[in-house]
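Shared between the two complexes below is chain A, which pairs with chain B and chain C, respectively.
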Partner chain A sequence: MARTTTSRRGFVSSLANGLMTIPAAAVYAGLTVVPVGFAVYYSFTRYNGIPSQPPTWVGFENYARVIQDPIGDLRPAVVVTTLIAVVGAFLVNGAALALALLLRRTTPFNTFARVVMFYPHVLSALIVGFLWQAILGPQGAVNNLLESRGTSSLPFLADPDWALATLIVVIVWAQFGVQLVLYLAGLQAVSPELQEAARLDGAGSVQVFRHVTWPALAPTVTVTIVTSVLSLLKVYDVVLGLTNGGPGDATQTWAYEILAVSFANNKVGLACAQAVLLVLVAGILSFTIIALRRRAEEGAEAVG
Partner chain B sequence: MSTSFRRRARGAVALGFVPVLALAACSSGDASAETDDGSVRMLVNITDNLTQAKWEELVLPFEEESGIDVKIEGPSGQSVSESFPALLAAGTAPDVIESIVPGPDTAPELLDLTEHEWASGTPMADLYSTDGTINVVGVGMQEQSLMYYNADLFEEAGITEPPATWDEFDAALAALDSAGVATPVAFASDWATGVQIQQIWHPQQNLTTPGWQQSVADGSSTLGDQFQPVFEHVADWVEAGYTTADDVATDTGTQEANFIAGEVGIYPMGSWFSTTLAASPPDFEVGVFAPPVDDAADAPGPMGATIAFPYMVWKGTANPDGATALVEYLVTDDAAIAKQAEMDSFSREGLEPSDNEYAGLVQELSDSAPSYVVPGNQTVGDYALPVAGFNPKFTELAQGLWQGRSPADVAADLTAWYETEKRG
Partner chain C sequence: MTRTSVRSAVRVAVVAVLSIAMLVPMYIMVVNAFKPQQEILLSPLGLDLATATTEHLAAAWQNTSFPVVEGYAVTLFLVLACNVVAIGTSVPAAYAIARTPGPMFRFLLFFFVAGMFVPAQIILVPAIFVLKATGLMGTLPGLVLFMASTMIPFTLFIFSGYIRMLPRSLDEAASIDGAGRQRILWTIVFPLMRPIVATAFILNALSAWNDFVSPQLILGPGSEFKTITTGVYAAVSTYTTNYEIVFPTLLLAVVPILLIFVVMQRHIMGGLSAGAVKG
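Moving on, here comes the complex of A and B:
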């Protein structure tokens, strides 16, 4: 009898716990699974997004167009996006880790500095783009200053290579705040005893970082790399505000191509095919990074 | 079952239903039900000249007379052209749409206004109708092919007459450059680069190939062939340093300020720039001339022009009579037309001369044009190119001229783009 009561209580408990997940599951399904499902469906259709003109099933036609890229519009965008993701991820993580090491101790100045460093992330990405356009544009603050000193202006946004480099730097400036917070949290979790022990054993600061702090940070590094790469892959708003994809197509990203070109021309089917491929690439990259980082994380467990 | 378990289970079930209930509450089976109160929603372009307050003032007499409440809405996206299809997709399209013309996708969603007698009498109704069907009406015409110039700088450079031919135009640019003018001819970034090049090219293009859009559409000409000559002119100006890569990274607002500050010799732009000039009059004399043509005997060539204040009515509106009455008021009422002319300059037969001296210059030039032609970026009517997104792609490719790309390559890419888009 007692066993029956316990078993029933366990069942009810499990049922209650299961029911408790329904709100989150419903929100997730409604806001993520259903839209992605629709995107996958539309990617196999010719559709202009207007409900009274229903989609026409075209099979893999949209994917064939994306892969063949007959007018060479997506390929440059993929190259630009790859550069932003790779170079940006290195810069974001490098800057965030360096600053986190500088600001790890809790002092009034460091607390203030952390807020300042995080602040760019609070700003709308579009505002960030417009702000830096006003600073770095041909008649922006920096070039006006240079010209007033008799120096020739710099083509931050006028030359394709400069514009891409400028875009990456601005994106890094706007995004590294989150990674900084993650690294600060990760550093708090590094055992002070281990670091102290290493110092007592005669290790210098660099050696302590290399052999104790860095391995212990491995799980944090994985998270920051994955999150930064994912956000860099879908960068759009900053591009819109800073360069609007120009000059020419020099700073058009994959997301820009989807949102400002395909969707803007009512090519919802093509845009969805481009978006589905971006989601796939993001997923493959994330799992690859996680797999590659597994060994380093095992080392962290050993250090921990 | 303990009380706490029952409470948790009930709470969980209730929580599970919250999103479902919320979704049900937020969704609406009939999007047009929003205007069942008899009001009319109008999506408009909001700019420095066309402010929300000015739109409200414009429709106020109509509201007072008809008792219909008009709700003015700005674009939810970057522009009306981007917002309208998105609102259609969301099922929340406005009743009246201003500032854009129908495209291949949106045309079936619009009310046919042909049966209304007043519609056929509106300016440019013939150029913007497709096979005689009118689904967009406007109040006048905005001239596109205009070259604003700084007359003081022209005088300093020894230019006695505005150029009429390409040779004279090149000579004028060389003279301005020699006189030390910072920017002999100014182009701007984003949409403006493409629009400005087309504005310059309308007259000669339509002299060489009248109805060129139809020639491209029927395959007797290519888009690249149509624009390669003007690309060659622009490439020559870039090479000579009359315009630099900085220009196409500078927004129109800044470039217009540069013109007003006296740093620009020639600024190609539409008639709406005259409103900006009137708001901030420069301390030098401004002139306007028609873009160059090959032969002086053909000058001035056909004037590129677009419909001013285009209005369309959504077919799905819950209040078609109210929406149509509003559009009729906006395009036929004399006071409403005069108010719109104050908001953004345009030409219209019989319209009282404007106090705006710059608009007067534009009107004078417009009156001398032998004919009016619609530009390539117009997506409606018998002269529409059968593809969407022409100007953004044209701009993207044309900006390559400032990065050293050859006119032939840019023209070839334009043709390739058109052929791909035409296939769908």
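Moving on, here comes the complex of A and C:
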């Protein structure tokens, strides 16, 4: 009966339903889709953002500049961002999964520990950056402690390599709580009977993890990898608080390059070309990860 | 001791050590907010009650570059207003998408979901030109609309997934009783969506609360409106080694959100995993 009603009034009904999407579509299109379009357009122009000087079409000049990189502006940022995304994603997911296995059972102690692991995520990344800068800076808490003990201070934020490593550790500290919560939710879905059966068959805890828990977690792993990589690719606020890109350009990320270098210097065309490339990379990477994970997830269905 | 009890003791010890490590930065921030610069430098971990002072906290409270109370008011307004716009527009759109068959609406869902892969701060530069062209640049409505537009893809996505799980017979029964589309949506479907609306609200609230780039660039550094994050930036960024300013300012900025988090932790962390499972 329902089907005849829909088909009789099908067109009118779809039209009325279409109208209901207009407010959301208007806000989303106006301030996300249209800006993406503008970004693509501006990326082919030379534009300083001043209304009286309209953009001039320059074709692929901005992209050529990004790729040839004559004064070395974006390339170091791409290297920094790649390191943050790859190393950060491994550390975030490793720490989160290990802790999720430790904190799996819901006891008051574990609930407390979960809250403690997660809390940095409710702080803004900018504040996390400023806080760690006050702790690890040349005059910061840790170095003052080291000096008062007669040990020499450590260049957490002063040396380029140290600064990048410090930045990654701080990001991991602030972010792994999110993935921890996701892994805990994923572990809830792993069938306890299956694990029990494996244990009765004589599997040790490592084997149970490898052959039952890990395959069953596959869909969760996809979500945690994609969400962590996406958020690591756009790291900006924490850099601003912790190092402000320094020393030199050692911790300037891709997003930092777009906002604090190109856009801040009124190179709107170049900033947009860099932004378009970052959006493309983020999109391609997400879809690649999802596609690569599909096989693992099919395995999960077999186990679940 | 049996083997399992040894193992659980080790587990508790490891977790306890890690928990303490996670909390050390907060401890350093709290104790140093009550100390003069000299003492912060000499003994960063100690707190001498004889010399502890609230002088610097009071100074941070009165700092004109970070008006604390107004900062909280503006931030809270952003959290509520962005959620009203994002949820208010996503509910009918998600309902229409979930309940209409056909490739048009599947494409529409894809169109919205694609936005989840566009990082907000990356699209901010061209969005500024759209806001300028519409006269919304530098205004709170402009900021709210931009932030809401970045929330719509995820909000709409989890809503449409949730509505699809609600039985269609509910809508049909009401429609036979003569209820109109809007009435069915707001009086029957929307109340059933409470858990997913709460999830969306919490996740959107966190991202609005912690957003720095959007208010900083859209309102402008010289704006009369300061959020918590732009206020902290204005107060701290040029004095990062003046710890008499840094620690008290950061303390004022994080205490309320931490209190809210501790009270609401079950809902916040639950909302996050619910959002991921649906997403």
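Criterion: the second predicted complex is superposed on the first by the 275 of 304 C-alpha atoms of A that agree within 3 Å, B and C clash if a C-alpha of one lies under 4 Å from a C-alpha of the other, contacts with A are read in each partner's own complex, and residues count from 1 in each chain.
Criterion: contacts are C-beta pairs under 8 Å (C-beta built on N, C-alpha and C of every residue); 3 or more make two chains touch, one makes a residue touch a chain.
All values reported here derive from a predicted model rather than from experimental measurement.
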Touched partner set for A:Ala291, first chain B, second chain C, both or neither: neither
Partner chain(s) touched by A:Pro120 [first = chain B, second = chain C, both, neither]: second
First, second, both or neither for A:Val261, with chain B first and chain C second: first
Touched partner set for A:Ile50, first chain B, second chain C, both or neither: first
More chain A residues in contact [chain B versus chain C]: C
First, second, both or neither for A:Asp159, with chain B first and chain C second: first
Partner chain in contact with A:Leu200 - chain B first, chain C second, else both or neither: neither
Partner chain in contact with A:Val33 - chain B first, chain C second, else both or neither: second
Chain B versus chain C as contact partner of A:Val12, first or second or both or neither: first
Contacts of A:Met20 with chain B and chain C, given as first, second, both or neither: both
Residues of chain A that lie at the interface with chain B and also at the interface with chain C: 13, 16, 19-20, 22-23, 27, 30, 49, 51, 137, 139, 240, 244, 268
Complex contact set, residues of chain B against chain A: 1-2, 5, 8-9, 12-13, 15-16, 18-20, 23, 78, 82, 85-86, 88-89, 91, 103, 105-106, 108-109, 189-190, 244-251, 254, 258, 316, 388-389, 392, 396-397, 399-400, 402-403, 405, 413, 416-417, 420, 424
Of all residues in chain A, those that touch chain C in their complex: 2, 5-6, 13-14, 16-25, 27-28, 30-39, 42, 49, 51, 99, 102-103, 109-110, 112-127, 130-135, 137, 139-142, 144-145, 148, 173, 178, 181-182, 184-185, 220, 223, 227, 230, 233-234, 236-237, 240, 244, 255, 258-259, 263, 268, 271-272, 275, 278-279, 282-283, 286
In the complex with chain A, residue positions of chain C that touch it: 11-12, 14-16, 18-19, 22-23, 25-26, 28-29, 32, 40-45, 85, 88-90, 92-93, 95-97, 99-102, 104-105, 108, 112, 115, 117-119, 121-127, 129-132, 145-146, 148-150, 152-153, 156, 168, 172, 181, 185, 206, 209-213, 217, 228-229, 232-233, 236-237, 240-241, 243, 246-247, 250, 253-254, 257-258, 260-262, 265, 268-269, 272-274, 276-277, 279
Partner chain B, residues of chain A touching it in the complex: 8-9, 12-13, 15-16, 19-20, 22-23, 26-27, 30, 46, 48-53, 70-73, 137-139, 153, 155, 157-160, 163, 240, 243-250, 252, 261, 264-268
